[in-house]
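Here it is, the structure, as structure tokens.
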């Protein structure tokens, strides 16, 4: 018997541009049999980070041939403004071009809701707690979306529409890329074990702070609820897992790598019991982790033209060259070619997308104090 | 005897661009006789907000004809990147074009320094407290500026260089403009009385929170020190006054208005005992104030082409039209001209610079719950 | 009997953006009784030049209450990319953000078609000549639009779609604005008499050269056909009139001025016999003209912050100040405030939109060698 | 005896920005013994095309160890505005951000000067013709640079300053890059033989038309003079060779490749007798050429996310895939992954820098009708 799960499409309206045309986002849905956790996956919230759309393509191509235990919702092109914001050849959609606000810092979180909920619902059993809290989160988003339109800015409206979809799921994956980058995973510390099921060598362990991003907006309420109930002496696991999956470099579509990344995600989903009789298993690779506090941004100490020489994903020793900076303005008056290095061992995760850097441009990000996962 | 105070100039280096050239800022200084408070005034941190340079011009033209009690430092073109960042005809320097970070949210504040200082220095007298705390603030900035260059991003380096100058003063004025705007003043609540000496009709009263801006970076340490010492039972007034002066609209130089605004600032400085035998006095105008929580951002509830009809600085009644939104896409299918209004009385302070707005663009900012100062 | 002419709407697709969504333009049509010339009016080809949409609104509001002799087609939001291209608060749609090409320089003109047509069709009578030539122009556009999609760039595809509509009309009006600008009219020299029916004080007389703009693309083929037939000794008037109407300043919607401009256009259309029993007549104003060669671009001779003092539309005498340039970098080392003036009498038509100018920025455009029309 | 040629540096001022600071360009000069042709090499006229600066670095490192017959002038960072124009992480300096004008289309050419010169100086011998014409070209640039400052726009002023340097040389190399690109050479047809001395596999043969670029501005006057004198029956070779050298991809510094390209240029200069006893010889590679008319721009026939699969520099057969276009908006309604191909054989030279493309974006440029050189 051939297995196929039907896919449905809905286009949701998340805003209007100046000539009055609606901003829409396509939402694809596959139904599970209800026995597994539900999943929400989105891509391309930042305009230049397009590879996630290809991963969603490869996921759909495989998912339609599988039976599912949990429902899966997939949203490519999550940000219709960011996707289409060009300046020169490149896509500028990392922040709202009007305000500068990072599109991935506009999700909503209300800590008071959590505190109050923990106080009011401690008598509920686990299942009721979960259902009621999930509904409370969705209701709060709905209240904002249905409130006066003049209270919501452009990015908030997009973010809330996506967050409403995400809150309905037990597993949330936000597909991003770095500028020029190796693959890496933002993983909340409580879900460290799950990181072993993705085929991603570098794992960044993040705490329970809320800084506006989709992954945080998805796990913070549940994590803080777990903490609040814990403070009351009740053991209530964090019910939702959420990750930001960094797929590599921006401004690039690679369908073969997208298939690899789809398989990596399916391996994780299989582990989480979303798929029925699926073969997907994690690769046998060494995974390196560091804590967010040890994720080190190295800013250009001088302005100039940069040759990046640290291999991405590579282990760099203190003192090894990470970049050469060419300063042709001063060819005669000083050494025109300067070599940069680090004071400590590190893994180079990503570097700036352009060779032209001002003093103070973020040149590299490094894992430091690395340990095997 | 003709009075003249000499002016000196220094150019400080605050960064380097990609072709290796230094980013410099001109700093003008006038010496007082030491009997009055010292003053720091800067302009044009945001690239399009140029009118402050004209105000500094008009200030210099007058100051050189006066005798001064306190030293005055004036810095036009505070942001050499923002000043020169064009995209189309307009200047884009509200945020770092690479990161989106608002240039006026990168100043430094370390609350721990204040807490520790209050603990360690409570035995000092007021004068020693002031001198030592001022030096501690400057030292902390110096430590950062003299630390490893790879720790500072571009905007932080500019901000710290300016902040080092500001921390040396007792009075700090940061000259800004809105997009299309009436004049208004950001005033910390403890300095409400001083707001009466500026010729500015609209005063926004702000609390002691730090959100990265120059005015906050200048008054927060002193305000929090005053609070911390107060908690110990000691009465130590906030020793520094700092204001953001919003001069009107961006992208505009008006030398006549600049003279008016220079006179407004001189009136305040005269009140603060910076000038010797100066005639400058505040105008007899009604001043309206509101608290920051009542400063209301009204976002475009629909996308379209906007005719702004609320007079800036004008008192608007609930229900009165503030804008018409034209949506020619839908001329036949719905009312193509929509009228927007407010639910409450307000003063329109500023509006968006363009007639083309997406749904969710910040259309207006209003004072609500207004009271006379 | 109440007069009403029905309006129909069609949305044409002129491209696709990166997330696959179609770029559409609304086209409004009113039918005449066939006894007068047909009219095509478009607005907002440059993204920031929005006032033409308001003029089309006011035209529609009046036209639906009139009977028409000729068909009228109105196209607001002619450029769906330009309309929605923001960078900071302002709209950047003067050129393709990827290539820099001015959106209003991408229309098509094939001089060979004209030469060949004049050779092949000289035996036709005037009416047949007109019909056949009009059809030949439309066919050529259709051939391009229906040819291989990989031959057309983004702007060309938008332009050709609009040009196809324009070629169907006898009268073409392209509604633009300057940056900060007085009203003025680009008028082909052969249509000078018609310029007297618009309520526009300043008229720029342009020759038959093709430089890529809509007005030129509309009149050049007919003008050159008239010339080519004239060279054969045949008198064949230019059959099409086309104007670029400059409505004032960009980034601004003013519904009252839009009504004035709609009346100005209706006065011209009434003169051309498009309207039935319409009352619209030109105002009794003095009209000033200059030839395109005398339209003088004045570039900033130095960099600085500019106070524009020449009144737009005003008659400037040689030597009178047109701008002050503030250079605070050099307050001590040279005269910080420089005054600019012209060597000849002129009318100031428009100036740059920003006060911040590099050396060589186009500061003003002036009519010189002005004469009354 | 150790050979060393001293290098001198001069910084020329080519403009002023809005805060009054000068725009300067570093000019490096090495003196020859006067027995060989003089050389002018510039880089980075387009802001993102930085690799030429590294090539100039590698050239200087070698040239200072050689004896020279001809003078050599090297100009990195030729465009101080373009170099420093960021929008997001990338450099936007392909066109003036204010006007959209391509920085490499603003050089000067006056055909009348050539015609008049050919008429007036036909009695001169070759050496006098060359000297006088060279001086006439320089004088014309000087006249413009020394004329009223308000006649020159920003880009023109930069271009003229560079062109003045270029006109003093017999050999002009303008170092550029494509977006994502293989190496290729723009070569005027009369200098085809010289193309064999560069280590560049792909040569684009261009005619004598002037379109504003540096190479054209350098060879057009001489080529047209040669033609004009030829029409008088006199044989006067084109005295100047000028090439645009496309070094590969933008936004990238690669010092190893820069050394290769420096050697390629030194091979050509050695052939032209600029160097004394230098070992540099061309590599033994097959060179492919096509004529400019056969340089084919392939625009995206649909909007979408593009995976580029044609190998740059590779020979593509008609019908082979050149790109896949992913359109996730339409996953269910049509084939979401479209394959593009060509109708004819070709060499893929460059492709667009981003994976996100609107319909009509220039996707690829191809050599067609290729022949071996």
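Quick notes on this structure:
We call the chains A, B, C and D, going by the order they appear; numbering starts again at 1 in every chain.
Please note the rule applied: a contact is a pair of C-beta atoms (placed from the backbone, for glycine too) under 8 Å apart; a residue touches a chain by one contact, two chains touch by 3 or more.
Source: prediction; values computed, not measured.
Look at the CA centroids: the one farthest from the centroid of chain C belongs to A.
Just to note, of B-D and A-B, the chains joined by more C-beta pairs in contact are A-B. For the pair chain B and chain D, the distance between mean C-alpha positions equals 47 Å. Chain A and chain D have Cα centroids separated by 42 Å.
In terms of their C-alpha centroids, the spacing between chain A and chain B amounts to 36 Å.
Shared interface positions of chain A, defined as residues touching 2 or more other chains, are 17-21, 77, 83-84, 86-89, 91, 94, 98, 305, 328-329, 356, 358. Every residue of chain D that touches chain B in the complex is listed here, in rising order: 17-21, 24, 77, 80, 83-89, 91, 97-98.
Listed in rising order, the residues of chain A touching chain B in the complex are 15-21, 23, 81, 87, 94-96, 98-102, 148-157, 297-305, 327-330, 340, 356-363. Remark: chain A residues 7-9, 26, 28, 47-48, 50, 53-54, 56-57, 60, 76-77, 83-84, 86-92, 94, 179, 251-255, 305-307, 324, 326, 328-329, 331-333, 336-337, 352-356, 358 touch chain D in the complex.
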